[in-house]
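Each of the next two complexes has subunit A plus one more chain, namely subunit B in the first and subunit C in the second.
Moving on, here comes the complex of A and B:
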């Protein structure tokens, strides 16, 4: 219906209309379309294309060569880093799924108590920047001094630590503890759509609650679980801060820390580009596998026939589920946050918890004396806000054109807007560096480079959000306005825009928050005047002063919480957790 | 956040009026002629950007503030990181054809001979350098770079975990198997000083030093300062090649640390600063080079427990005088060729 109408409006204007009017009617959308194509090419296609080309260039001369690939993959250590990254990605994604799926099921389908608390846990883990969580976990699970291990030794008299954060398991767990909200959001919103009737049917046929869950509810949301798994995998292999902070002491070299080495003097962007290429292949392979696995079965859980959704009564088991959620909350949020806060108010962290060890000096230093701290907070806010605005506006226009099928090949736009989703952030950053840092644009060290990279990196989030917002608005309302004589852009402004405003604001805030904690893209692109909070935190982490580092982390959380608070006020309590 | 920003601005305006005003007049009156001339030229440029891997974050920030106080109207942007990272940023700038850095300071002297050979440095000898300790003057006969940091790197121990009597006495002692899982050290891929130290150890003991060190499974961080944090927490008990300044600062806050002066000698990084030839604010850069060599500059870093560069500035309380210490320092040529070699060898030996 909408398709037919939309096409007729654009493609076959009424006869006997003057050429000028015809152009007047068609041009705005076509122009917009061309502009959007240009913007997406600039943000997504060109940096990646450039990265691909650069990987075949000789440094200095630009002549064709394959030697970059030889250098990049010519040493066992470099290949080992790739293997480590992939293994780590799989491990973290698996842990994240194990943590998150029971939580999502319990919150969505059951009468578990403390759902509000579970929301808070997920939200908390989502806004805690990964490297800050990593520092928290070093304080908690350092093999000799970590609180957990000290307690364990005291309790059991054991010689060996309970859990060593400087290990592959430690690294994988710390990453998963930060990334599981992504799986939770995906799986919970999918479970929300499964109607109780399907579980009822299983129950009637003799299946208990657990069998119904195992055989009916979970298989139905299998696509969401896989999507969550893949996104955590991608986030993990793109992560820089946590592998640098935990991976180096644990002697685990990964792709991102190896890429960093290629940026040592002399800067070898060409080798870095060649090194990054196979990552794209791996990602493409994962997406293809996902398609293959999902194509064999049907996963339709939403039909036009209503469908009741009622919580499953778990009885005593609901406390078991609650304990699981509480445990995840403890290890993902409460414990790391507590040790960080303690360190941030400590004069000498080595002296532990005591009243005479309390001070505000670390905060005072950062707020009033530090040359960069306040500048970096301001940079973070305005870079992230501008990037979020660009991403949401661009995504909104693309989503509108694609969903209303205003132009032929609109799907191309949609594809480009979603493409950064499958590109590790660090590869994206190197692409931006290769494409725009040097002349003619010479954007290196400018705010524009970081803003554009952030906008491109988080465009898929904004697009998914805008797309579902636009889809939720039936075209008939616009059509009514247009029948009454309104132009398309006027109709959008007066009717569609007000209707999608709220969910767009939600999307804007999510992009803002993830951009404000982004490190792996920023670390390759910052200049002296454009350092963001995350980069400064990283710099502070190697300054031998965890007290100040923790205090700066505290400031970062305060900034984020202010924006989360605004979001909750304007959009609703669960704005970050609705699947966009 | 807006509130804190405004507060900070208010504060700086307030101090500017209350303190900066008279201080400015006082400073302007007492400035020597050569500084006065540079200051006048630098005011038109308004700022400079300092890439530094030498002093720790607190000292670098203090240096920047002291400069700003002495020369109101010229602001020093402090960009502190590890030395290899600072050099990496400078290389990225060059590669991208961007001019950002006005003064470059690194603990790896090899960086400077390399930049000098490539014609990327400005020739400038600070007048104030004549007042520095004679032994650290004229590191470059052509005057392209000058000492701005006299870093002493030694061993430290956590006093709660290891008594002074039991602590290792020499660099070689650290190889004793009884220190297995007890040691902490930085990484030459990040820290310039660790690179220089590795060159020195290799010179004294051969690379064997590090294959033996690996058997003791040291906890490897990035910066040479990382062991300070690791020892503060009690995660490890002995740190190798740790700067005196950061340790003394942590000790002054009450952390349970103590310095060990190894019997072979203390690693001294006599590290220079230079002005890149494409520095966007050349006069401000020269003024900052003068400041680093001046009495005021040495006093600023001394207050954070660093070695003063001049004889007319008293060392930090409790510091052992230079005359009583054996200094170990590879030559600049050894550093330039040696550091990249040990960096690779390190990665092969330690796997990271």
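Moving on, here comes the complex of A and C:
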């Protein structure tokens, strides 16, 4: 090094900054880190670990055993349920892809009319809880009195139904009709990144619109299609409501309904834990595959946002595409909703629309006479609101610490916060049951248990949301405040908090909405006085009174729509459908 | 007493020392740039001065009080410094006036005083008419002015700037460069300015510290860096140069068959070895058609290559006499030599410098 360091420095004797000042600076963050680790272990790691342990324990003594696994896989009926789940997952995912990909392409790349309407359909299907859609389809396609089949017999005089919802195909279709928005969102956002020049390049070489689509656009978004397929597959195998409502009467047993049977008296939680393992492993494996798929190079990520985008002119085909979207909208949203609404105002739903069939008695019964209905609405709202608040606050602190690299090993926190993403809700619920239902905590049937399970289950949504909100605020924003004299907490309050407020509100609402319709985690954990709307709806469906059931579904939708409306007003029209 | 003094400052991430034992002292009111290629540790140094990064070794003191040492770092908010960031970091949820008033409010100034000072500083940066705007309604240059106003209005002990102009387009960059120097001349705030653009550093600074791979290679006034580079890196990084192998013998420095007195070449008295490197700027080499007369050393050669750069001609001359040595020399646009033409090169020893 050269000698040119200017005037050399006379070292001032080091007057160290006081120890108290150091502790004042470091400790709060470390303390927070420890608290967060504790919370995450409690919410995520411990229930999961307990689930694993319990599957190897003898009931009562806790001694090691493999007999739970022997019991869980020892009967053909149980094995068959696993096979059914996997087949059903494949079938539903395939149908969802067939429904959604043309819609996504039409909305993203073409001049099809009615794009706004298509968005509404997608949003509608997204908001409609799966079990409500299932009830709607029972009213539409029940073998004897379903409207479609009644109409079919009247039209053709045939004896057999046109389409029986109580069948494997029926089950797969109903699930797909509810899950296709997931594929739509994945594929559309991928297509949005393909520049028109990609297709132009193919056109110049002599490919027509269809060839260009087949050979260029679709292959480019292939990973997104696969990702959507995987998500629907996973949703399906983890779904409880639809298989319970349609599958059980049709004698189609799947993993989730089988788990439910293990929970019937006497509860065999050890066997259920053993039986839940494949669900957990398949989910974790598939999500790893999906990550790999989406991170592969050479696809959309490389084309970037650049490039001009022009809608493809479809000519008369516009109307074909529109008809497709409209058809999906009809069968996925409009028809089920319509029959549900009709039934909710009917004395007897099978008698159809007529003035003498009209009554408010169903709603009256629920609102003024039913002993659980109003309680369950109140439960749903405050459980979901509390869970959403816990999830968002926890996620926010973790996201802040991880993104600002405030502590070593912050990634551990991030990993734990995202882990529930690979845990099906029903598995999570069994884990919570195993960990906290029994003494010492004895939380079975309490509101606390349900709230904690909801918070844990939806923590990844909140974390993804908070993390992107924090990342959007450049650290220099805060540093600029600090160097001007504001402490870390003051800077967070004055600068960061106002900037992330809106997207956090969006995250809170999303967690609230998905929690308010959550069935599979709730049904294992509720007690007689802590039933949520979704659980009560399932109870009502078992009772078979479709008019009251439909009316209750109507109430559930009203509650959901109120919050969706608030979200759209405060955060933006497509706040629920953003891919984050 | 010097205002800001850095001693033996080191920052290591794992085993890599991204800032390696640097020392630097700023006098009250001095403007010093940290100049160096990308990744050489400029930002890390600046963030250690600001208190955002804890040093691994060494110390930083302000007015004689140690503010950073390993394990004890005075937090940024208590350093009475200001900083301007590459991303501007103008807060989008506050108006221009609110942004500028932020630091004053933290200092609990009476509101009339705050208002007056905000008004004054916005006048200085020519942003008064936009005081009530939100940052999203401003151009990049205007946002940078807000950042400047916000940093200066609190009368900081030290002003830190991290590549403040790198996101602006070329014209605006030039304008803001003079703006920053003008503000410095007006307020005389002790300033550390980080940049990788040498023209920017030259135009603004009293002294420049050239950094390379975590070390400071040389600290000097801009013109001295150019005429008296002390290391090979500085000679090559600031402007362009010919680096020549030379030998010291009997008080003479010889290369390519010519020799100059040791006393004439900057820094050469310090030579401790026989073989040294000498930096000869292309601008300091005269090009002639006829052999010039005078006492300057002369070399004959042939034009091997030429490039017209608009403001100058750039010739590469090959000298057989000096054993095939290739030298770069510049000439004004009107002085045209063809490739293959014979020319004479005239050297000025006082514009040469020995480098390490």
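Just so it is clear, the second predicted complex is superposed on the first by the 490 of 580 C-alpha atoms of A that agree within 3 Å, B and C clash if a C-alpha of one lies under 4 Å from a C-alpha of the other, contacts with A are read in each partner's own complex, and residues count from 1 in each chain.
Just so we're on the same page, a contact is a pair of C-beta atoms (placed from the backbone, for glycine too) under 8 Å apart; a residue touches a chain by one contact, two chains touch by 3 or more.
All of these numbers come straight from a predicted model, not from anything done at the bench.
Colleague: Identify the partner contact of A:381: answer first if only subunit B is touched, second if only subunit C is, both if each is, neither if none is.
Modeller: first
Colleague: After superposition on the shared chain, which partner residues are touched by A:444: those of subunit B (first), subunit C (second), both, or neither?
Modeller: After superposing on A, A:444 lies in contact with subunit B but is clear of subunit C.
Colleague: I'd like to know which partner A:498 touches here: subunit B for first, subunit C for second, both or neither.
Modeller: second
Colleague: Residues of subunit A touched: more by subunit B or subunit C?
Modeller: B
Colleague: So, does A:60 touch the first partner subunit B, the second partner subunit C, both, or neither?
Modeller: A:60: touches no partner chain.
Colleague: A:157 contacts which: subunit B (first), subunit C (second), both, neither?
Modeller: In the superposition, A:157 touches no partner, neither subunit B nor subunit C.
Colleague: If we overlay the two complexes on their shared chain A, which of subunit B and subunit C does A:529 touch? Say first, second, both or neither.
Modeller: First partner only.
Colleague: If you stack the two complexes on chain A, which partner ends up touching A:476: first (subunit B), second (subunit C), both, or neither?
Modeller: second
Colleague: Scan A:484 for contacts with subunit B and subunit C and give back first, second, both or neither.
Modeller: second
Colleague: Is A:370 in contact with subunit B, with subunit C, with both, or with neither (first, second, both, neither)?
Modeller: first
Colleague: Which bits of subunit B are touching subunit A when the two form their complex?
Modeller: 1, 4-5, 7-8, 11, 49, 51, 56-58, 61, 64-65, 76-82, 84, 87-89, 91-93, 95-98, 100-101, 111, 158, 187, 189-190, 219-223, 225-229, 231-236, 246, 250, 253-257, 347-348, 350-352
Colleague: In the complex of these two chains, what residues of subunit C are touching subunit A?
Modeller: The contact residues of subunit C facing subunit A are 2, 5-7, 23-25, 50-52, 59, 61, 64-67, 69, 71-83, 85-87, 89-93, 102-103, 106-107, 147, 150-151, 154, 160, 207, 215-220, 230-231, 234, 270, 356.
Colleague: For the complex, give me every residue of subunit A touching subunit C.
Modeller: 1-9, 11-12, 14-18, 21-22, 25, 474, 476-477, 479-488, 494-495, 498-499
Colleague: Can you list the residues on subunit A that touch subunit B in the complex?
Modeller: Spelled out, the residues of subunit A in touch with subunit B are 77, 139, 142-146, 166, 244, 247-249, 251-253, 261, 263-267, 269, 347-351, 357, 367-372, 374, 377-378, 381, 433, 437-439, 442, 444-445, 527-529, 531, 539-540, 542-548, 559, 562.
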